Amino acid sequence: MTGRVIQNIARAEASVIDGLAACGVATVHEAQGRIGLLAAYMRPIYPGARVAGSAVTISAPPGDNWMLHVAIEQLAAGDLLVLAPTSPCEDGYFGDLLATSAIARGCRGLIIDAGVRDVRDLTEMGFPVWSKAVSAQGTVKETLGSVNVDIVCAYQLVRAGDVVIADDDGVCVVRREDAAAVLEKARAREANEEAKRAKLAAGEIGLDLYDMRARLEEKGLRYS
Amino acid sequence: MTGRVIQNIARAEASVIDGLAACGVATVHEAQGRIGLLAAYMRPIYPGARVAGSAVTISAPPGDNWMLHVAIEQLAAGDLLVLAPTSPCEDGYFGDLLATSAIARGCRGLIIDAGVRDVRDLTEMGFPVWSKAVSAQGTVKETLGSVNVDIVCAYQLVRAGDVVIADDDGVCVVRREDAAAVLEKARAREANEEAKRAKLAAGEIGLDLYDMRARLEEKGLRYS
Amino acid sequence: MTGRVIQNIARAEASVIDGLAACGVATVHEAQGRIGLLAAYMRPIYPGARVAGSAVTISAPPGDNWMLHVAIEQLAAGDLLVLAPTSPCEDGYFGDLLATSAIARGCRGLIIDAGVRDVRDLTEMGFPVWSKAVSAQGTVKETLGSVNVDIVCAYQLVRAGDVVIADDDGVCVVRREDAAAVLEKARAREANEEAKRAKLAAGEIGLDLYDMRARLEEKGLRYS
Amino acid sequence: MTGRVIQNIARAEASVIDGLAACGVATVHEAQGRIGLLAAYMRPIYPGARVAGSAVTISAPPGDNWMLHVAIEQLAAGDLLVLAPTSPCEDGYFGDLLATSAIARGCRGLIIDAGVRDVRDLTEMGFPVWSKAVSAQGTVKETLGSVNVDIVCAYQLVRAGDVVIADDDGVCVVRREDAAAVLEKARAREANEEAKRAKLAAGEIGLDLYDMRARLEEKGLRYS
Amino acid sequence: MTGRVIQNIARAEASVIDGLAACGVATVHEAQGRIGLLAAYMRPIYPGARVAGSAVTISAPPGDNWMLHVAIEQLAAGDLLVLAPTSPCEDGYFGDLLATSAIARGCRGLIIDAGVRDVRDLTEMGFPVWSKAVSAQGTVKETLGSVNVDIVCAYQLVRAGDVVIADDDGVCVVRREDAAAVLEKARAREANEEAKRAKLAAGEIGLDLYDMRARLEEKGLRYS
Amino acid sequence: MTGRVIQNIARAEASVIDGLAACGVATVHEAQGRIGLLAAYMRPIYPGARVAGSAVTISAPPGDNWMLHVAIEQLAAGDLLVLAPTSPCEDGYFGDLLATSAIARGCRGLIIDAGVRDVRDLTEMGFPVWSKAVSAQGTVKETLGSVNVDIVCAYQLVRAGDVVIADDDGVCVVRREDAAAVLEKARAREANEEAKRAKLAAGEIGLDLYDMRARLEEKGLRYS
């Protein structure tokens, strides 16, 4: 059941992926109906990064990063590595050498439900990582896992070729086949928010802007 | 029991509030006898902010941010929003639109025993938040809570109009009626520390500065 | 059993300590066979610091920082303070006054399996701290502990005079008597990595660079 | 601010308290509108106990159980001890000697947002405890706290004389002045549930019993 | 995307399901190559239960148990309810009334990545539950979820009709289509273990029984 | 540094070890001055067990239980296995086969700062385990660790031959060379407690029994 590498995966269109990155995690998550958000413990190693890419998925044994080397060969420019261990682990699977190699293949970052190390180097290299932990604890290369199979990463199912968006708010996965439709909704949402933002900045408040007063009263809200 | 909005709350004097902000959390907490510190898991979304304000309190259902809209109408310039969910929740109750609205009312920041999102935008806007989590997970507007009632936020009782101070060390609440007295003590403490700092920087050590040697010996400390 | 201060501790050579700092935690940890890494919950109060020093160890009661004052007198230039409470505690044992005093003695930083406060001041002073928590909660001076005895800090045994290295990846302890040998291995590792980095940056991948393909096939890896 | 003992506290009627115990935590919590539930980390040291009593509250320094001795003198038959430390602590504040003394005063149990020890003895004695931790780590008797002041215990405000109910589902606090009204609602709820239980046991399902089908369809539920 | 109920799901053969229950979680998990184990925080509400059943899956909003009522109608005798909230939640979704109804439909237990209540009643009824938390906090019936869609429960993907095995060691999911093959391997494993157990009980040790000495020596193990 | 097995370890006298077991963890911990208590997350798999034994220590890689087989050969009757992984791990290192083998060697139980499985079987066999987790996740046999070297287990240093006591209150380690002296103090403590217990049961309270009133008054305790 392990030991499989799926080689030719379908990817969403580059313009769609980049459009989703521009919208950011919170907007995309809303636009697709609030599904696909990875657990809040997935944090960026440095603030300010915002990326999207096609997922190259990795199912790895705890404490074993062998499959990362296998996965790097499967990377196309614009991809993100997404790794889930088969049991909980906070060891540092990934450091600056693997990042050097990933960057050479056009990889945009790493999402890892485990640990990462060399974070000062990764920060200087501008290679963003969202992880569960930072740990200098290294890993071995003894046991097979799989690449580009379905994985569960930080509570969410991620499939090879799905679009993953990550920024300071967290990480969100969009099914590849839904990506274009989600982008359209995300952009509509952004346009709508822009108009609201101007009104709110001018001092109008949500109770009026969203016409909430009647329903609040009906629910029984009392002022005193 | 829920569904109440208290409208006209008493506040401490602006000069007292600003004085407490200048002293910072660690000094204020000491000055009032080490009470009122919120749990250490309340962390700022960006480093370096230091604010104080009058608490506009919000008791909200888990995953429901409706009362934030109600609370914003109750804000006066210089206030802080302080939200506690009625059961543990890490969803992102607050983002850039609510912040735009809060800023328009003169609000100085948010203390939330739950999650926040759009943190990159909030950082750019200079709107500080101390929260339990960062999460893009949105909330609904279905169930009433209350505004300006007593709440328990991150283990501490906070009452509407209490002074809340927040910086990189955490968040501390001072009862409104104690604020002036606490400020006086905090300033005395600062003056006292300034003198000590110069001596310590010059190389004098605490064992001598605080005259600790005799008591340590009496307690049985042995050097070898 | 408590109440002891060991005064004259042996230290590693300064050049060895500085060499280990230059290598960093991840490399040193690998070089000594992946032992000595403190728990991943030990995080720096600001990013980018990298230090090494001889451990002046402190065993302190929960919520009592008296022994820090005693320990400061034992500091030599180039030392690190390493504190472990005798039962779990997140109170803020250390702040800007103690840092002022420690800096005056040539101390390079603090490793503390508990809390720290005044972190904005410490950041401005450039005094690095790796801690379990940030908390404004102060401590008392009532009960003796010990200085320069063996302690267990964040899951690792630390002895007075051991070399402690800390950076963004965490904290690692090297036995004093092993320090020179570990440095040699760490440097060899770095030289070796430098060569690999160039090849990886040029596009060669780990599967070829580390000659992994045959062993993966033998273990049963299947491509599809 | 600390060092106070309030001696003569008001209590709810014994029959009301016993009635609330008979209803149990889940029912009482529902009956009072889902407020007052302590955090879910408060667990019983043995299964099967169900008690209610008037709270004798204790605010104690971390790692200091002196005030428990003071509180025991304030106990009347039918009371529960409710202790909250002033900063997080898992030490074992309470063991078999204190339990012997508490039982002699008619105390029904202990609710403690910290640790307890001698749990095998307490189990044999039938003295129930709901705690955050079990720990053999003892405490000191050095610093004053207070008895029968307002405390925040496991996220909830508890006042002296409030009724506290505890069973395998957790711990719930009912304001003293609301106790009779809450009991009435709890009993109505129980009667109502009894009728439903019979129907459900006979095979009727909630969709019909609670008449949910129309609203589900209206919300858009689709069967396939 | 939510609001779906899949009605006619395929199930594994009853004899296979019961066979897997008899083998238990640890053996089944090994037999299928160490995949499918739910997170270790899923604990039984009472010790000693061991069950297997076909999963009726529930995707539920946080704090909303409406879909449990919908799911109960979909139960066949021998099924297990498996619920995952769409964002982390510890509220008590399930209590004795729902259990009464589930038992009437032949349900064997509940696996819930959230909270449960009425645990004393459930224990007396012999209805086993594996949950993340026990909490008296109730839930609402406001928002749709789905039944018998793919869910991620405690880090594992569970599909309707998959076989779920649960005992004191935790919870494991076996794909429906793999169930017969896994059972065969599990039984082979058990037979093999039985023989070993006798030898071990007689005093033979694993170093000899598993012929480990040569490989340990080759790896460099030194006795002193 | 790894890959070592120390074969002939010194042990405390059997009568001393058994005496310490009879006193229990809380008393022994007090008797030796409140040192040596393992972290409170170490919990027994079933209630009621109370054992003491000489530690056979195991330092094991994460997810690798090979050294347990090596350690079993080193067991003498009356020993306890004490395992610490070299980085945090919750996998199930130990199950019923290893227990069968350990029992055949006279082993009294296992202390493991990681996971255990087959807990129902272990409970039936009466083989007690104190662990950080229960998990069916198995381990591999690939990498060497060491046996009977110094380890840090759940925050405490444990040396081969040290006496470890474990019961429902947790786990405590006593240095081998201190064991007889600690036993003497523990027994004195028990005798002293027996007399107090009778007085407390008769209604005398601690304030009088321990003569606390004057010191409380002097510290400023006020009754109102």
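Labels A, B, C, D, E and F are assigned to the chains in the order they are written; within every chain, residues are numbered from 1.
The rule is simple: contacts are C-beta pairs under 8 Å (C-beta built on N, C-alpha and C of every residue); 3 or more make two chains touch, one makes a residue touch a chain.
Model, not experiment: these values are computed from the prediction.
Undergrad: Chains touching subunit A and subunit F alike, please list them.
TA: Joint contacts, listed by label: C, E.
Undergrad: Same interface as B-E shows up in which of D-F, B-D or A-F, over half of contact pairs matched?
TA: When the contact pairs of B-E are compared with those in D-F, B-D or A-F, A-F matches.
Undergrad: Rounded to the nearest 5 degrees, what is the angle of the rotation that puts subunit B onto subunit D, matching CA atoms?
TA: Angle of rotation between the two copies: 180 degrees.
Undergrad: Considering A-B alongside C-D, which chain pair is linked by more C-beta pairs in contact?
TA: Contact tally favours A-B.
Undergrad: From the mean C-alpha coordinate of subunit B to that of subunit C, what's the distance rounded to whole Å?
TA: Result: the chain centres lie 31 Å from each other.
Undergrad: So the centre of each chain is just the mean of its C-alpha atoms; given that, what is the distance between subunit A and subunit E in Å?
TA: Those two chain centres are 28 Å apart.
Undergrad: Rounded to a whole Å, what is the gap between the Cα centroids of subunit A and subunit D?
TA: The mean C-alpha positions of subunit A and subunit D differ by 41 Å.
Undergrad: Of all the residues in subunit E, which ones touch at least 2 other chains?
TA: In subunit E, the residues touching two or more other chains are 34, 37, 40, 87-88, 90, 135, 137, 143.
Undergrad: State which pairs of chains touch, listing all of them.
TA: Pairs flagged as touching, ordered by label: A-B, A-C, A-E, A-F, B-C, B-D, B-E, C-D, C-F, D-E, D-F, E-F.
Undergrad: Along subunit F, where are the residues that touch subunit D in the complex?
TA: 24-26, 29-30, 34, 37, 40, 43, 47-48, 50, 167-170, 172, 193, 196-197, 200-203, 205-207, 210, 212, 216, 219-224
Undergrad: Applying the document's contact rule, which stretches of subunit D touch subunit F when the two form their complex?
TA: The touching residues are 3-7, 46, 66, 69-70, 72-73, 90, 92, 95-98, 100-101, 103-105, 115, 117-120, 123, 133-138, 141, 143-144.
Undergrad: Would you pull the subunit D residues touching subunit B in the complex into a rising list?
TA: 1-2, 32-35, 37, 39-40, 86-88, 150, 152, 155-157
Undergrad: If we count contacts the way the header does, which residues on subunit B are in touch with subunit E in the complex?
TA: My answer: residues 61-63, 87-91, 135, 137, 140, 142-143.
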